[in-house]
Each structure stands twice: as C-alpha cells, then as structure tokens.
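In what comes next, subunit A is part of two complexes: it sits with subunit B in the first one and with subunit C in the second one.
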Partner chain A sequence: MNSLLTPAVAGLSAGGAYAILGVCAIFTYRLVAVVNFTGAAIGAAGTFVMVALTEHGMPLFPAVIIGILAGALVGVMIGGVMTKWFSGASATTKAAVTAALLVGIIALGLRLTGGQRPHLFPDLVSGSAFRFAGVEVTWGSLLTVTLAVGLTIASDLFLARTRTGLQMRALSERPMAAELIGIRVRVLALAVWGIMGAVTAFAMMIIAPLRSPDFMSLSLLVVPALAAALIGAFRSFRAALLGGVLIGIVEGMVSALEFGARFRGVVPFLVILIVLLWSQRGARWDAAR
Partner chain B sequence: MPHASTRAALSTAISIAVVAALIYFLLPKYWVYIITPVFIVGVTLQSLGLVTGRTGMISLAQMSFAGVGAWVTGYLNVAQFPGGLIVWMIIGGLAAVPVGIAIGLPALRLRGINLAIVTLGFAAAFDSVLGTITYPGQTAFIKVAQPAWFKGDYGYFTLVVLVYITIAVALEYISRSRLGASWLAVRHSERAAAALGVSVPKAKLSAFALSAFIAGVSGGLLAGYLGTLVADNFNMMQSLALFAVATMAGAHLTQGAIIGGVLITLFPELLRRLNLPQDVGSVFFALGAVQALSTGETIGETWARLFRKVVPRRKGADLTGAAKGLAPATKHATGIALEVKDVTVRYGNVVALDDVNLTVPAGKVVGLIGPNGAGKSTMVDAITGFFPSYKGSVLLNGTALEGKSATARALLGIRRTWQTTRIAAELTVGEYIRLAAGPISHTELTAVLDWIGCPGPDTPIASVDAGTRRLLDVAGVVAARPPVILLDEPAAGQSYAEAIRLGARIAEIPEKFGSAVLLIEHDMDLVRRACSSIAVFDFGRVIASGPPQLVLALPVVQKAYMGIEPEGAVA
Partner chain C sequence: MSALAIENLVVNRTGIPVVRGVNLIAKAGEISVLLGSNGAGKTTLLEGISGVIPASGRIALDGADLTRSLAGHRARAGLSHVEQGRTVFGEMTTEENLRVALHPSASLDQAYALFPELVQRRTVLAGMLSGGEQQMLVIARSLVGLPKVVLIDEMSAGLAPVVVGRLMSAVRKLADSGVAVVLVEQFAALALAIGNRAYVLRRGQMVFEGGCAELAKDPARLHHLYLGDAGETGAEETRQHA
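Our next item is the complex of A and B:
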C-alpha cells in the first residue's frame, strides 16, 4: 500500500504546481483568448531572477518578491506583444506566436542562466507538515495544493461575481465591441498577463527545487500545464485543478515503478491524448458564416 | 491543369538543380559539407510547411517524426537490412506515418491549437524516451553506411539534393491536385471545405501522414550525413526552432524551405565566425516568426512577390463569348428533388425553424425569401448537415439524409454557397472549380467559367474582386452538377446590373446543368426573374408559398417585409 502511496504523495507538489499553471492557462485563454505556450517560461524567468538575487546574497524574502515582480513584468511584455500586434488575430495565429516566442525565451533564458549550469535553488518551504497513513506530507506539497485550490476559487469568483470579471469576459469574446463600449481593453489585458506572470513565477519557485532546475526544463512544464487546462476544456477551473493534481500524482506513481522512471515524461502526453479523444466525439465546426 | 503543374514542377526542379550544380562545381569540399544540411533541413521544413503552412495545423513535433525515421534507419543499418540507406530512409519515413496519424487523430475535430498541444506533448514524451536509448550502433561505433553511389562529401550532397528535388516536385504536383486544394480549403474554412464534399478528417490526416513521412525521410538523411546521432538532434527545442523558422520563411513554398534551411544551418555558422553565441539564433528566429505572423507574409512569399514584379505571372486568357462546349444538362431523377419535412431547429430556447415544410421540384428554381433572422440560412445549414441534430427530415430524391455528415450530403448531391465567400485565396480559379466539381474536363471548366462571366482558370483568386468571387461560388456548385443547389444570397454585394445578369444565369441553371435550385435572396427583381415559385419565411415559419407574383402581392408577405400593413396593392 505504502509503496504506491508514498510516490503518489510525492507527486502532490508537482501536481499542485501543474494545477496552478493549468488554471493560469485557462485564465489567460478565457480572458485574453490566447492559448499561451510561454506560461511556464514566464514563471521560469521570475524564478531565475529570484535565484540570481539569492546567489548574490540577497535574503530570501525580498528576492522572492522581486522574482514575482519580474515574472509579472515578463508577462506584461509578452502581453504587450500580443495586444499590440495580434489583438485581432485568430486563435491559431496567437497560439503560433506564443509557440514561436517560447523558442526565443528559452534560448535567451538558457544564455542568461548559463545553460545547464546548476543553480542553488532555495527551498521556499521545507520539511514535513504531517504524517498521513505513515507517509510524509511536505509543507511544499501542502502549499502548492492549497494555493491551487485558492486560485481556482478566486478565479471562479472573479469571473462570475465582479464587474471587472464581467468586462474581461466581454473583452475576450469580442475585443472590438468591448473597446467600443468603453472598456479599457489594453490595460485590462496587460493586467491579466501581469497577474498570470506573478502567479506562475511563485508556483515555479516552489517546485523548481524538485526538478532538474534549468531554464528549459522549467519552461517546458507548459506541457503538463496545458494538459491540465485541456482536462478543464479551457473553461472549467475546477476540472483543471483536479486534472493538474491527478497528472502530478500519476507521474509520481509512474516514476516509482522500476521500468517507469524513464516514462514519467510520457504521462502528460497520454493524458492529452485520452482527454482529446474523449472530448471530441461530436462533430464541431469552425466559426459560423 | 496538367500543363501548369508540370511547368511549375520543372521550373522548381531545374532551379534547384542549377543552384546545386553551382555549389557542387564551384565550392570547396568543406563548404559542400557545410551546405549539405541546408537541404536536409529543407526537407524537414517542407514536411512542416505541409501541415502548418498549407493545412493550417500547428505541429511542434516535427523533429520527433524525424527522430523516428532516424532511429529506424539506424536499426536497419545495424541489422544490415538489404537495400542500403535509400531503402532504409523510406522505411523510416513509413514508420513515422502511423505515429503521425495517431497524433493527428485526436486533433481532427478542432482547429490548430489542439494539435499544437498534442504535438508539443508528444515532443516532450519522445524526448524523455529517446533520452534513455542510445542511437543504434553507437556503442559499437557502427556508422550509418552511405550508399555506394553517393559516398563522400560530394556524393552525399548529390543524394540529399536529389531527395530534396524529388520531394519538392512531388509536393508541387500534389499541391495543384484536388488533394492539395482540399488542404488549403480546410485551412481556410472547414465548413466551406465540407460543403464542397471534402472530407475534413481525410484532408487533415492525409496532410499529417504525408508530413510525417517526409520528416521521417529527413531523419534518415541526417543519419546518413552524420553517421551517428544523439537524442539532442531531435529534442523539443529543435522542433520549436524549426516551427519558428518555418513560420518566418514560409516552408510551404520550396524557396521558403531552402531559405529556412539556410537560416538554420548557416546562421549559427555566421554567428560563430562573428564570435557571437550561437543560441542567439533562436531568439532571432522567434522574432522573425512573430514579425512574419504580424505582417502575414513570410520571407518565401516576399521573394515570390518580388519575383513576380520582375517576371509577371502569365495571366490566363480572359474568356469572352458564348458558352461553348458546355456538356448537356445532367439527367437527375424527376419529381421532388428536395423535400424538407417538419424540420424544427432550436438554439436553446429560441425556435429558429418551427415545423417547416418545403419542396423543391426537380428542374425548378424555388425562391426562399423573408426578413433577416427569419431562419433562411438556418434552413440551409440544416439541409446541408451543419447541425448536429434537428427534428424532422430532409429528403433528397425521396431518400432521408438524417445521420449523414455535411461532406456526405455534398457528395450525394446537395451543394450550397455561403453568404460571404469562403474561397481560399491561394488557389487559382481553375483549381477552385476542380476542387468543387471533382473530375471535370478542361473544355467543360472553361465553358462554365465563360457562362457565368468569371476570368480564366489560371487567374489567381487573390487577384479576383469580391463580386466575381461570388460568381465563382456559383460556378463551383453548378460545375459539380448536383441534383440540388442551395444559393445563399448570391447577389449580396453585387451591383444592380450584375444582380440582374446573375438572375438570368440562375434561371438557366436547371436547363443548362439539370440541377434544381433553392435561392435565398433579398433582391426581389432577381427573385422574380429567376424563380418559378417562392416560399416566404418569417419567425422560422413558412407564411406563404406559390408563384412569385401572387405571393409577393399577399398582404401578409408585405407586412413581414415592410413591417407595416400595405395601403394599396404594391407588387
């Protein structure tokens, strides 16, 4: 029993992080209508700013704050590109833009962070929170999952209950119409990108120590993130939350298997495949008329 | 259009051969060695251009397909499989096909974004698996053997160029065939493609399968070039960079693929010589791709445009004169061609069509009129199969069509046009008609174009004005000679004189082509001229039907149109 439970719980913190990234991906899609391939890379940028600062002797707390702000800034910069040149573009074009930007960001990030050179990632939270059925549950996993749940609830409430949320929904559906009724489209869109950047940066800081911590590996966490978002059909935050956590747990269990260690990276792909095959049974057409 | 495609294929083959010969005879061995990968990458880029450029699906795993081909080639080499590298890389390409189809399947129903996510996921998964297995023969220092005829730097360069030319020429032919036109049509609008009888899943899967094959072959070529490979040759970054370069250079054009190959291969070399870090290249590619996406023009297209300024494209002769060579009208079943029985369509709580009954007799033009929002276009969507479900039944020559897809209905013989034209601008007039009509003789093709007043078959659609494109819509459906044609406001956006002319043409359709027509139109002069009977819709119901003069004079019809009770009998 424990032989499966331990790795499952070990996958929890990664799962929480995937859930956060997945919720952020849906948030970006629902509010600014972009399937964002750079999401994790934005977070990675913030994380590495934090690491660079701590390596130069800055205390952890201000370094984390500055790192989060840096994530927000990178987010706003990418958002600036998207809103300036691609606000009227099709969803496919926008996705292509972020995919292309991902290459550039990764290349730039690898250059600035010295490629595969190992960095010292401080544990933001460490140690065991409690034991559950003989298995250690770490503060890290507790924090990511809590954060993911909080973010999910907050996103749901924000979109459903607030005036800004309503405006943002209008913005993503018909940017031009939203602009014409006096919504400050650009400012709102940039705010979304900034917030997403900040949140992902923080999530990445928590899980970075658990990963092979180079810029590229962190940026490519966008794969499980998008898998989680797909489980939520790019609509439901709650489904994405569950999906993200589930992917983390399955990954943890697979890597504990003797033959499975090398196939951990395959899990998100299989999830994507299954979800898409399931969700697309009915015929759908592109935009009418 | 066999002449045009042969001409294009020849000019492609000759121009590449000339460039390759110059390299072969003028450059030293070192440079030939450096330039060889330009064409290898060019092959991979062509594979990406096929899915992304032509079919409009984003693939971020192209290097993984190449990896499949490379690994298979490696295994066959170690196993000393007979046939040598050329056979191995073809088998490698074939091995990549099922992988490509398996990945394309889940992305069939939705547009490009899902495929982007699936392929990125696949690239990540492939990375993690490939990272754990070494290249076949690597530990025993067995290199992939180059074919006896193409050994050495010069020899292998020749092989690579030959493969490149073969694939470029094949793609040139395919892109001008109906299959190639169907890819562009799917990219432009899936609905419109389905309405032309194109199977959207088939078009997408064929593009994906062929693309995976070409990528697999390029992997085999790379294996022969380097002798042994490492997983990093095929990692995600490579796939992403390839995507960026394809987007920037326009890999669906052969010159674009070569420009892309030059960028990927020689740019790092240039940076190295300038003592700049080589990974700056990727940043440059990313910016270039974003730039190309924002302007909507790739480097390859810019070159083609500038080239056409210098050497203007031969314009197809304009057609004038009476329709000659039009085959006699097709004999379809007589009686009721199209029958709509008790059809109800709801959007949520809104009833768009409420128990509608309508018949279109064979060989007649029936008008369908009514104010905006009356449900006319909804009716066309229901008849042509663009709703997943509706109540009631649609019968074509007495056979119920329920459960048949839009593509199947189009193939059975219900064709439609759209309120706004949805013709892919990359096609030529002739290619579009061939896509719409299927096998059709050149005489028949020009006769149809001539009949409706469209420019000649070699004219690019991009140079045709919007009004003429509407005519082309009609030309496409009549050329298919189906039993039933649905025209959704064909005269919208036409001038009065053009509309009158179009009306006369529509009235001729049954006599010339044998098809029955359901015509939706607001232009009453056109309706009177073309239709033998009309039905009037309001709020999703048929409120009147019968001969045009009688129906248009009915007070209830005038109220529906004008919103007021008419004071006198105005026709």
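Our next item is the complex of A and C:
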C-alpha cells in the first residue's frame, strides 16, 4: 500500500505546479485567446533570474521577488509581441507563433544560463509538514497544492465578481465591441500576460529543485501544463486543477515502478492523447455510422 | 454647436475608397438619419468615424480632433458606436453586459428606464435573448457609458414591426436626453418620422443633406436619391460618354 502511496504523495508538488501552469494556460487562452506554448518558459526565465541572484549571494526573499517580477516582465514582452502583431490572427496562427517563440526563448535561455551546466536551485520550502498514513507530506507539496487551489478559486471569483474580470471576459468574447465601449483593451491584455508570467515564475521556483534544472527541461513543463488545461477543455479552472494534480500523482507512481522511472515524462503525452481521443469520440461515432 | 463634425472623410476598404469625401454634422438632442441603398458605404462611414477602420479627413467631437486617435480613445471621449449585428457579449448576463460599460456617474436604472423589458431578463445570458432584446441591450449598453454621440447601424434589421417601433421611440428619447444620434436605417419612412436632419449616401458620396420632414414628404425624390439615375443607368453612362 505504502509502496504506491509514498510516490503518489511525492508527485503532489509536481502536480500542484502542473495545476498552476494549467490554470494559467486556461487564463491566457480564455482572456487573450492564445494557446500559449511559452508559459513555462516565461516562468523558467523568472526562476533563472532568481537563481542567478542567489548564486551571486543575494538573500532568498528579495531574489524570489525580483524573479517573480522578471517573470512578469518577460510575460509582458511576449504579450506585447502577440498583441502588437498577431491580435487579429487566427487561434492556430497564434499558437504557432508561441511555439516558435518557445524555440527562440529556449535557445536564448540555454545560452544565457550556460546550457546544461548545473545550477544550485534553493529550496523555497523544505522539510516534512506532517505524516499521513505513514507517508511524509512535505511543505513543498502542501504549498503548491494550496497555491493551485487558491489560484483556481481566485480566478473564478475574479472573472465573476470584479469589474476588471468582467472587462476581461468582454474583451475575450468580442475584442472590437469591448474597445468600442471604451475598455482599455491593450492594457488589459498585457496585464493578463504579466500576471500569468509572475504566477508561473513562482510555481516554477517551487518545482525547479525537483527537476533536472536546466532551462530547456523547465520550459518543456508546458507539456503537462497544456495536458492539464486540456482536461479542463481550456475552459474549466477546476477541472484543470484536478487534472494537473492527477498527472503529478500518476507521474510519481510511474517513476516508482522499476521500469517506469525513465518513462515518467511520457505521462503527460499519454494524458493529452487520451483526452483528445475521448473528446473526438462523438465525431468518430458519427463517422462510423 | 454640433457635437460631431465630420469633414471630407475618406475611408478605404482593401485599398479602394468606399467613403469618398463625406461631410456630416450631428447636433446634441437631434437624430441625424443616414440613408442609402445596400453597399452605399453607410457602415463603412460609421466605422471610419468610430475608429474601427482608419480614415482620413477630420473627425471632431465637441471641437476636439479625434482623427488620429484609436477607437478606444474615441469611445472614452464620448463617441459610441452601436454596431450592425447586435454585438452583445453572449456569455455574459444582460446585467453584466450593462455593468461592463457603466460610466462611474451613470446608473443601470437609466438603461432599465428606457427599456423596462430588460429588467426581467437581467440574469439571462445575453446570447439567449431574442433579437429585439439584444438590440435593446446594445443600445442600453451604449447609453450607460454616457456618450455625447451615438452611431446606430441598422438596428431594425430582421425585427418585427412592433419591436422596430419600440426601438424608434427609445432612440427618440435618447436624443431628447441631449445625445447626438446618427441613425443608419433601411426603413427610411420610420427613421425620417423620428429624425431631424437627413443625409443620403450614394456610392460613398453624400448626395443629399436637409430636413427629415422635407424628404419624408417626397418619396419619389428619396427613391431617386437612393438609386441615382439607376432607373436610367444606361442614360447616366451615355451622358458620361457624351
């Protein structure tokens, strides 16, 4: 029993981070209509800023704050490119543009961070919070999952209750009509990119010590993030939350299996495949008739 | 003084001038009716004025030049455009549609006073409203932004006559409250009946400007203005060649 529970719980912090990234992906998609492949890379940039600062002796707290701000800044820069040149483009074009940007960011990031050269990622939180059924639950997993749940609830409330949230929904539905009622369309879109950059950067800082900590691996965490978003059909924050956590848990369990460790990274791909096939079942059923 | 003054406006579509040197003024408290046959360039003119598409010439709102400003800035300056096709935010409720556009010193009651039928539809998704209700909603959404000028494009398209009458009287009330309204309308007789000034656009150029009453009295003239020498298109061509 414990042989599965331990790794499952170990997968929680990754799962929480995937959930955060997934919720951010949905946020970006719903509000600025972009399937954003650069999400994790933006967070990675912020994380590496933080690491560079701590490696140069800055205390952890200010380094984290500056790293988060850097994530926001990179988000705004990417958002600037997307809103300036591609606001009228189709969803497919925009997704392709972010995929291309991802390649560029990874190349640039690897160059700036010294490729695969190992960095010392400080643990933002460490140690065991409590034991549950004989299994250690770490502060890290507790924090990411709490953050993920908080972000999910906050996202829903923000969009439903606040005036800015209302404006963002209007913007996402009909950008021109939103502009014609005087909504500051560009400012709002850039705000979405900035907030997503900041949140992602923080999530990445927590998960980075658990990963092979190079710029590319962190940037490619966009795959489980999009898998979680897909589970939420790019619409439901709550489903993405559950999906992200679930992917983390399954990953944890797979990597505990003797032959599974090397295949941990395959889990999100399998999830994407299964969700896509599931979502197409109606079409295939119709075609078969 | 006129709230909206348009001078020598040229608006291109895919590189072709669709609106060619148009002058138009709209005064506070008045309805300026803009008529013209399909494809005359009415929608293009309104889009050039509100900034949906770029235009050259001069656009002034209460004397302030807006020709170079973006659509959002023009809207915040008090130039409102109720687009063709009832552009409600369909996944938001009726009330959310109004709240998102609400000016700090306006209240939702103003919208509900003009269109009481929207009150009981408050919590319904705007996408679920009838065509008439959606049209009321987009006009109400415009008015809670406290605009100085409202451009309304084809509000009665596809609606039952009784609903069109409702909308016409609401627009008259809107103008009476001190707003300058520019009304683009296919139902010329109904629009002329509530309007003050009339304009007729043909192939991107203004071919008539005068009182609504004057034009309403003379349907034959209106018909001629719409179509030009279309009844005798051949004649026009011949004359040009001559």
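Here is the rule we go by: the second predicted complex is superposed on the first by the 281 of 289 C-alpha atoms of A that agree within 3 Å, B and C clash if a C-alpha of one lies under 4 Å from a C-alpha of the other, contacts with A are read in each partner's own complex, and residues count from 1 in each chain.
As a working rule, a contact is a pair of C-beta atoms (placed from the backbone, for glycine too) under 8 Å apart; a residue touches a chain by one contact, two chains touch by 3 or more.
Since the model is a prediction, treat every value here as computed from it, not as a measurement.
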Partner chain(s) touched by A:L220 [first = subunit B, second = subunit C, both, neither]: first
Touching partner for A:R169 - first (subunit B), second (subunit C), both, neither: second
Partner with the higher number of touched subunit A residues, subunit C or subunit B: B
Touched partner set for A:E179, first subunit B, second subunit C, both or neither: second
Touched partner set for A:L101, first subunit B, second subunit C, both or neither: first
Contacts of A:L120 with subunit B and subunit C, given as first, second, both or neither: neither
Doubly contacted subunit A residues - partners subunit C and subunit B: none
Footprint of subunit A on subunit B - complex, ascending: 52, 56, 58, 60, 103, 105-114, 116-118, 120-122, 124-125, 127-129, 131-132, 189-191, 194, 236-237, 240-241, 243-244, 247-248, 277, 279-283, 285-287, 289-290, 293-294, 377, 381, 386, 388, 405, 418-420
List of subunit A residues in touch with subunit B within their complex: 35, 37, 81, 85-86, 89, 91-93, 95-97, 99-108, 110-111, 216, 220, 222-223, 226-227, 230, 262-266, 268-270, 272-273, 276-277, 280, 282-286, 288-289
Subunit C-facing residues of subunit A, complex: 163, 166-167, 169-170, 173-174, 176-185
Residue numbers on subunit C that touch subunit A, as the complex places them: 50, 52, 70-72, 75-76, 80-81, 83, 87, 89-92, 96, 99-101, 141-142, 145
